[in-house]
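Each chain gets a letter, A, B and C, in the order it is written, and its residues are counted from 1.
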Amino acid sequence: MITAERKPLSEIKEMIAPYRKILVVGCGTCVAECAAGGEKEVGLLASALRMDAQRAGRDLDIKEVTLDRQCVYEFIDQLTEFIEQYDAVLSLGCGAGVQAVAEVFPKAIVVPALNTTFVGETKEAGLWVEKCRGCGDCKLGFFAAVCPITSCAKGLFNGPCGGSQDGRCEVDSDTPCAWQLIITRLEESGRLDCLKKVHPAADWSKQQGRGPRRITRDDQRI
Amino acid sequence: MKGESRLKKVLQEGSFAVTAECGPPKGADPRVIEKKGKMLKGFVDSVNVTDNQTGVVRLSSLAACVLLLHGGLDPILQMVTRDRNRIALQSDILGASALGIRNILCLSGDHQSFGNQPQAKGVFDIDSMQLIQLVRQMRDAGVILGGEKLTEPPDLYVGAVENPFADPLSYRVLRLEKKVAAGAEFIQTQCIYNLVRFKEWMEQVRDRGIHEKISILGGITPLKSARMAAYMSDQVAGMDIPDEIIKRMKSVPTDKQRAEGIRIAVETIQALKGMKSVRGVHIMAIEWEEVVPQLVEAAGLTSRPEV
Amino acid sequence: MTIFFCQRIDADQDAHRRPLEKELGSRIRFFPLPCSGRIEPLHLLRALEAGADKVYVVTCLEGDCRYGEGNMRARKRLAYAQGLIEEIGLAKDCLELIHVPAGTTTIDKLVKELLARKAFAGPVPQAAPGQARHQRQL
């Protein structure tokens, strides 16, 4: 899923400082999974903001809403009936969700409560690890399902580097060396020969695009 | 093309080569490099200049190599893929050759988080293996990545590094083989303290016939102190310093430790000289370049061949 | 004061807390739980928002949770909630975790002990003229 973390409260407070009536909108998909922007987190943030305002003698009126997905029009539309009553929208969606809401309601002031980070997996309860950098040209088949771009700090396609030690990355000893893992897996499945040939340089244009990338499917369009 | 690689000639005629490393300054003063060059001249066949080693901003390797050239030395341009994309790398390869540099060492480079610019974007457009292949392709086929023809190919002797002491150990020889297949012509290894392990590695290298396809130069870094030995052993990934060496350094009073470190280095060089498939030594005396002439002398390598 | 507590602490907690609820009225709220691990940071913040100036989470001794790690989860979640309230300037000891061996006391005895800890003799009556509600630090 897409992972994110809540911004420090001071940053959020600064963004909503000019406003009295705030619509706090969460998302029930990715950010709920990583415990950053789901219904519970919306409740926690709203509660903290209300208590903070009360202690400072400030007026603050908050409505809490959590959409199933904040990046899809059909769900965002559910805000239509009451959004105009609010001065600002504090979105706990990922970057895509925040912007999607702003596009559906161009007159609304929408600010982000989260710092969106990476595409990852829930490795265990409370631990999310980055797995994919969206390069647009998946090579996992060549590397025993270990992404060299994401999991190798130097993004080597012909690793390992000289700093691999005890299966750990020299840059961060908490991080396993991706190339150790690739080699181990290939060795165990008798496929080490796959590494004999020099893997060629990547086509980074597939990741960079010419500005924001897009996907269109005519068969899916109305 | 004017000028030829002295290193290539020395190795081709079968002499035991001596190369050393030269660290550029953290400033714009060319005299630092000129001084180091003067100190090394005559004692070594070629001089490496590091490329923003450890991600620390220093005078560029390319510029420093040109300064050494003017001083009459044969520089080895170290080029990392951390800081430049393929456009810049290929451009610098052409520029280096045009300026008369005849040797290049291809590396991925230390991660930017180690240096003094940890917020910099690590480029890593291509890796060291792809860079080796690229330089060979530019030189021998006269084309850049993608196949477009160059008007004049660069003339560079292509080298790479390998660390016999890094994990996964069993894969290190295969990786060296891959570098040979990619086109590397000489190798400088990570610094050697554990001769037993190095000899084992060389045996595997010989078994696969790699020593005949590529010139291997053993890396040497003289220890300055027992503290340095302990630090390197603990903190530097991919470093193997046996306990006996650390004990030896510790057994000597602090003011005598440098001399002991030099003694150990000379012994290691002698051992490398005695190994028939090792074609030379690469001395990495980081910020201690003054010790190189002493080491070369003590190891009986001062008569550099006439080429 | 709001008190979340594991029901195992006092098997007869229902009977024991009624007289206290009568005596203290809105100044105390009891939340019996099947396990302290049921607690969530949101419950703690909502309790503070509702006007409690002290929230207790009472758990069984570590290693003695009948569900295994329930009380350890309670401890971590309380710590997380403390971080959140510190961000808005509340002292982290507005939330406090206490371990009580199951069956060694009754809920009303425990609460009376906790009330006696407070710096003031008792809660400030809301109607008292000219008196601000103090933030009690323990």
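Simple rule for what comes next: contacts are C-beta pairs under 8 Å (C-beta built on N, C-alpha and C of every residue); 3 or more make two chains touch, one makes a residue touch a chain.
What you are looking at is a predicted structure, and each value in this text was computed from that prediction instead of being measured.
Among the pairs A-B and A-C, the greater number of C-beta contacts is found at A-B. The greatest centre-to-centre gap from subunit B, using C-alpha centroids, is found for C. Subunit B and subunit C have CA centres that are 66 Å apart. One finds 41 Å separating the Cα centroids of subunit A and subunit B. With each centre defined as the average position of its C-alpha atoms, the distance from subunit A to subunit C rounds to 36 Å. Within subunit B, not a single residue touches two or more of the remaining chains. Every residue of subunit A that touches subunit C in the complex is listed here, in rising order: 8-10, 40, 43-44, 47-52, 55. Residues 153-167, 170-171, 177, 179-180, 183-184, 192, 195-202, 204 of subunit A are the ones touching subunit B in the complex.
Against subunit A, in their complex, subunit C makes its touches with residues 40-42, 45-46, 48-49, 84-85, 87-90.
Those residues of subunit B that touch subunit A in the shared complex are 82, 86, 108-111, 113-114, 122, 124-130, 133-134, 145, 161-163, 166-168, 171, 174-175, 178, 181-182, 190, 237-238.
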